[in-house]
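In what follows, chain A forms one complex with chain B and a second complex with chain C.
Right, the complex of A and B next:
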């Protein structure tokens, strides 16, 4: 018996030594993780088609990315993410080799090397006031071998050398309040015309010597109506602008420094009236005006006379003008017709000449065309060919050439706003999994290769073969559920209102769907998505139903705009239903109840203070009415510093006939003094988090009972002065206070104040603990504090016999009104990094120990064991405590380079980390989103419940075979020996 | 092995019986010599025989006591081994503890068998058996004590509550910042 135990223990030790270590080996990269690089919705594109070298396009995006894309395949050559506060105002190419970007409201000008994207120079421009900024790279302006770049921003006009970024001269317009609208440069002249508005009612033209910045001449003229909106320059001496009523087009001529106005009513040009809008401001000699839903093309006659030359009734996207051969200028327009889009390239001078007309089948789920950029190239027969880069409503980027989509990029995924997970369908009986697996010979061969690899006998070709085999192994990209729950779908909702289902195996898009408007009204063409919930997850009942997710959207940007609910089938990606709900959406509360088909009950609160129950079925209503007294609702008003708690009052039958609508009454308020505290962060536990046990056992077998409650709200407030930038205040001026508030009773359970600290606070709340990250002004370091909450009232349950016999109340349902006594333990540590977001791993049963996933300022994700943020850490832990795994206390948390789960990759513009449990208890899915997407699988306590992929089955098999053979041989030998003994 | 037997069994053609049958009187043709009495040794004086039997019984009792006390030595050795093994759970201490539990258990199971050779009408075996039982139970207790010191027995409150899930909550609440 003792022997058997020894053997089994030995085996256990052997197996536990075989599991993978915490960090990754180089050849394991990409086995479980994937990384996708995006750029975001393109704002502006500049083509660069050098005669030699690769064809590329420079784009700037709404995610503040400047990137160079390959025109052939759409791959990213290089890319720079400029940070959230560094919005790009303009991008252009200078000297044919530099990409110039103007960003941060025109205060930063940078030049990037075109081929490799390295920064050449950066210049900070002095800005005095906020104004629109303008980047202009004159093509043929040159002096002293230098090519100036003209930048207007913040009241100054700068001329900056394109070669080294030196400011050549600057002109101060701050005193007058002059806003530059256009910089025009007549050819063969060193004088530049700077046109702008003064208080948007006076047009001013400066003639400036481009060499010195001196004003040569100035003319101004007051326009009584006032100007508004975009300006369109139609020729070298004329611009067109709308007046403040948006019904009159004003042509401003400034020939030879003489300003003249010419007014034309839009109603004279077209019959329709209404607010007009000038489209595509860089269309020369002609302008496009959008009135109602019509686009009209207006040409400027010789004497400034306007005439309509063409009009398009559909919504049309237009490109800027593009010079083609023989001094001709072309432009492209794209409009929809059914499921096709039509790309038409015409000459500006002669609208009847159609250079190109192409019709392309377009996916319905890309929506409308938002932007078009065109570029021409010379075909082999010396005629002009055109390629068009189009940006769709779902933010995707497509290149059209020769009537086909050459490539497309799903740039919507760069702006994910909410993520949830979903299961894949169960494998059907008819489809055999074994068919996909190899034959036995292949299997053995593969394992022999692996064995070779593990014994360091493999040649480079073998290593490559092993790597390839691993990538293909276990059908990780199959579209069926697997036993371990490693294959899942991540459903991501993007800012454009598109849903994407991403496969965890390889990150491919399984389906995508653009939210549709329930009504075809003008006001709500496309609802904007707000958030995403799991609506139906068939688990025990209703197994034949497909799981679905609930997308809550809104028609318009205002919070009182009516909401839209959309149910989407997860397996097929089809919208099951979409409905306008007739009331606004300010909050969505998933309730912990499901009906007989496992549809989860949701409450949606509106601006009136009413809540609405969904799904609208009588069954849901009866379930809700049973729990009516126990459902509460709270709101956080960040501006007023007030947290309000509400309870359900009655059905709002008196006001409306809707029986699924309920009124609420205010129960409690927590008011923070506005002069000393400002709410900067609130956080609750994830509602679907599983906690395995309520007890925490310490070294001396003592029990602490965790205070595990879903109704706890973590609130962080900071002094109003300290709410700004880090280190903008002295330590005396800023205090950080954190609260734990019960959201049922409004009781403040715990309050902790940090003197001389300030936000931003990034926190994570799991089980009975909160970990938060903030800045300590005194120490000039970031700090991390952990608070663990324990229940004192249960601590009396210590009698073993009562527990054995089950005579305790530890599992009885508890109420927040029973006033639990609680105590907390907390500890603080320094942390060397600035943090963007924090998340925590979650597993199926909650047994596995947890890891904090810290999104660092370097856009990487650091996995930190919860053991490092344990308030029981002491300077000199006892032997027993050491055995339990308590780490000696240090003043700062270690950053171990191997524990970056993103290894060498960066999740640019990291905004959030989502974790989801796999079926296997040891493993958790981690999905990080920002401009990039990153996914990996983590095992915080190593994969103790399964053998790793690296486990050498071949070695095991060989050992068994050898052992059986040895047994047989020794048996035969012993038989022979016995026989010969007997004969002796 | 079977093969060998078979060869030997079938190979027998003839045999000589060397067994001495002279001691069996009925099959004997020749009479005993005069003065030779076959019965004389059996019919020796009963006193010496009784004496002999008493000595044997004493010897058996003595042996039984020895057997009964033998677990004590074992106990001592086990105690020493346990002290050596320490109080942490690892291969050695677990092995020691389980053998300390197993040995008394197997001894207790086979009490009857162990004392069978000493079974006699005249030998009082109850006391040795009781001592044997007591010592083995002592050994068992030592093993269990060791098990407890290793922390493998559920004798603390923590062992009973660590698998209890957190209690259900009566109230439910939701909310947060207003969507913008």
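Right, the complex of A and C next:
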């Protein structure tokens, strides 16, 4: 027994000593991993199409990205992901060579070099109050060789030099109640008009000298009705605004600083009445107003007279107006008709002149058009050509030109909110796997090449050939299941409510689907996605059924809004069913039971304290009623600092006739004192995690039993003062406390307090251990602590005789109600980087050792062996401990560059890491999402159960051939020798 | 690996010292204003000698307090954080291919935003906020060039080696043994009933 253990330990050491880091050769990049770069939903776009040089479009997005895209192919020239609270308010091009961005509610102005994206200057603007942020880059404003950029934000108007970012002048508009609405700069004039409202009822116009920032004149006039705030500037001396009742359009003229009002009732313009809304596109001498689901175009005549010139259906997206040749101005509108979209470019002056009319077939799963940006170019026949950049409802970005989609980018994938995995279909008999392999000669040739490569004898052409061969090797992108489980689908739900299935082999989109609203009501046109669950994973029964995923969404942003459930077939990407469920969704709990068709039972808790069972079948109900007493769950109220445990009570038949609805009773509550503790993080184990061994054998023949419970909740609290950003408090003011709470009984199993520490806490919980990352204010460094939980009650089973005679309690039933006897071991280390997220690798049987996957602040992912966070590490481990693989204790965790699984790539804006086991025990899939997507396959203990791709079959063959030849030769030789001996 | 880590801070320190001579006089560290102070510093990346690293300063980010605000480098390597309240802060530099120590920065309210900076990894305090990488990071393993030794060390090489030993050296060994002793040994083994080596190698035994 002992011998065996020792042998296995030695084997383990042999295995593990080689596994210090992940390590990848440079030529292996792209073999198992893929990386996709995105930018997010586009907010603003500015075209830069000069006659010479590359044509590009500068965009800013809702993911706080500013990027320069190639207009021909849609590729990213450069991009920058700004900080999470640095939202971009405006983007423009100045001097023809700088991209100017205004961000952080108008307080940061940056200039980027247009060709390569290098930041040129950065200026912080003084802001005093929150208000609209406006960025305008006047084309013809120039003084002293300087081109000012005008920025209005936070109550101040700044003129900033475009060359070096120097503030030329600033003007304070923070006078009481004054809200600036528009900053207008008439062409060929050095006077800037600043128009604003005082207390929403008085219009004020300032005239400012653009050279000095001094107020030349100021006029104000009271409007008795009051304004509603929406404003549209139609020309350099007129704006149109709605009054507070939203039924009268008020034209404010301020020619030469004299304010005049002119009122027009909307009911006089169109027959329909109702609340009007001014749409945002900037059209010259015209404005677009939305009334009763129709968009009307109103032209402003010379004397401020309004007349309706056109009206369109509601679902129309419009671009800003664009100057085309001969002092004419055009704008584009896009609307849907069946599966087609129609792009129409018209002249603003003359709506009957259609410059361009194109119809384009559009994928139904892109939804409506949200935004249109147009740009013109001169064709070879000197007529105007137009290209339109459109943003769809699913956040995708498309370029339309000459009636076709030139390129498209799936920008929805920049905002993934939940990910799950799914299997691919099993290969049918008709599809032969062997087809990929060629003839034996080709195969041998390939392997000879590989051998040459591994011996570093290959020429550059050979290397290229090897690389190409590897990339398309062994059908890694086939759409069938493989033996090792390397080919899988990652199903990603995006913020736009679109579902994408990504192939692990090459990252391509196998199918995508936009969630549809079950009802056609106005309130819920498109449900927003919340989370994804595996609904049906056929294994043993129901093999002919396709697996499916459950998408939980809701109508509207409020948590009490009614939920929507949608079932999607994983193989085809078709929606099987979609239903509004008539109650809100607070929490979704997959239960560990499945029905005869392997549909998993789910409980959904609503805001009224009821839970609802899905699927709504009688079979599911009978299964659930059998387990009725054993269903528990907990809720966390972060604001109140309360954690509650619940159990089932009864069917809520008394209140509603719904037999799938149940009432619950409260079992326990844990209340944290609100003056000293605030919940910042809670975490449980992954419900589908597999634990292979219950016990841990140490070198001194001691056995430690892991306390493996599915009902453990990790809670981290921090003093309310320390709940903010790091470094905002002194060490004395903040204490971090972590708890381990049993979610069945509410018993606090363990409490650990860290004085002088604060959040944010990033934690990972697996098997019997928790690892969490937090900030130590005293050392001013990040720390990582590991807590391992061991079962004391089974500790007496160490005696072999007890086991032999059956006097052990290993088979005794374990009840969640019994008081657990457990003890913990913990240890802390310094860690040199901020962390965005932590995950842990998961394998099919849980035998392979684990690695922590740490998403760092630099958007890289570091694989750290679990052995580095082992509480049994000591400064001087004994020989026996060393044999066991215990690493000497160091005060900080090592950052080995070779163990970055993202190698030289960045997953910009990293938000989450998902791991999923492959069928092969040694291997795990890793999928990381943020603005970018990254996938790789990891083998935390190296691929001990399969040969690597690099395995040189040719060398093996050569060896065998050589051995056979040697045997034959020696045989012949020995025969000869024997013969000669006999003759002697 | 370890000696490299140990030696690099000293090296970085040296480079830093040199850089101080050039930049010490020109660096405005901070300036007070109505809503907080300004931290200005410089990131200095030495020209890389590792092939494949394109250390473009446009891809370097400087991060304050774990993501509270993020800024970028100007072409000359300078960066600025605006509106920083007095107190203790943490600055991290994210640059592909380099490892930077986080920097603890104390902004003093009493001395009008005077900045005191300390590298948290080496606990060395900086007189000026010039950040240098502690070490370069090589993300890929370097392939060992072909050598006979690695060939021999590989499992297949060992197999071949063993075969060579058995085929060519074993008969030689047999030859060296005194025939009398050999016979005695064989007798003994036969009595014990253990399969002898000579019975496994009949040709060697028979030839004697």
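Methods note: the second predicted complex is superposed on the first by the 937 of 984 C-alpha atoms of A that agree within 3 Å, B and C clash if a C-alpha of one lies under 4 Å from a C-alpha of the other, contacts with A are read in each partner's own complex, and residues count from 1 in each chain.
Just so we're on the same page, contacts are C-beta pairs under 8 Å (C-beta built on N, C-alpha and C of every residue); 3 or more make two chains touch, one makes a residue touch a chain.
Everything numeric in this text was worked out from a predicted model, so none of it was measured.
**Student:** First (chain B), second (chain C), both or neither: which does A:694 touch?
**Tutor:** Once the two structures are laid over each other on A, A:694 reaches chain B alone.
**Student:** In the overlay, answer first, second, both or neither for which of chain B and chain C A:637 touches.
**Tutor:** Touch status of A:637: first partner only.
**Student:** Scan A:883 for contacts with chain B and chain C and give back first, second, both or neither.
**Tutor:** After superposing on A, A:883 lies in contact with chain B but is clear of chain C.
**Student:** For A:743, decide between first (touching chain B), second (touching chain C), both and neither.
**Tutor:** The first partner, chain B, only.
**Student:** First (chain B), second (chain C), both or neither: which does A:627 touch?
**Tutor:** A:627 sits against chain B, while chain C stays out of touch.
**Student:** Quick one: is A:309 in contact with chain B, with chain C, with both, or with neither? Answer first, second, both or neither.
**Tutor:** So A:309 meets neither chain B nor chain C here.
**Student:** Considering only the touch criterion stated at the top, classify A:25 as touching first (chain B), second (chain C), both, or neither.
**Tutor:** second
**Student:** Thinking of the overlay built on chain A, is A:978 touched by chain B (first), by chain C (second), by both, or by neither?
**Tutor:** Both: A:978 reaches chain B and chain C.
**Student:** Pick out the shared contact residues on chain A: the ones touching chain B in one complex and chain C in the other.
**Tutor:** Looking at chain A, the two contact sets intersect at 978.
**Student:** Within their complex, state which residues of chain C touch chain A.
**Tutor:** 1, 33-35, 38, 52, 56-58, 61, 63, 65-75, 80, 82-83, 87-90, 92, 94-97, 99, 101-102, 104, 118, 120-121, 137-143, 145-146, 154, 156, 159-160, 163, 167, 203, 207
**Student:** Mind listing the chain A positions that touch chain C in their complex?
**Tutor:** 23-27, 29, 78, 80, 82-86, 107-108, 110, 113, 116-122, 124, 126, 455-457, 725-728, 760, 775, 779-781, 832-834, 836, 857-859, 892, 895-898, 900, 903-904, 906, 955-956, 959, 962-963, 966, 970, 974, 978, 981
**Student:** Help me check something: in the complex, which residues belonging to chain A touch chain B?
**Tutor:** Residues 1-2, 5-6, 9-10, 13, 530-531, 554, 559, 585-587, 589-592, 603, 605, 627, 630-638, 645, 682, 684, 687, 691-695, 697, 701-703, 705-706, 708-711, 743-744, 797-800, 803-804, 810-816, 883, 978-979, 982 of chain A touch chain B in their complex.
**Student:** Of all residues in chain B, which touch chain A in the complex?
**Tutor:** Counting only chain B, the residues touching chain A are 1, 3-4, 88, 91, 94-95, 98-99, 102, 151, 155-180.
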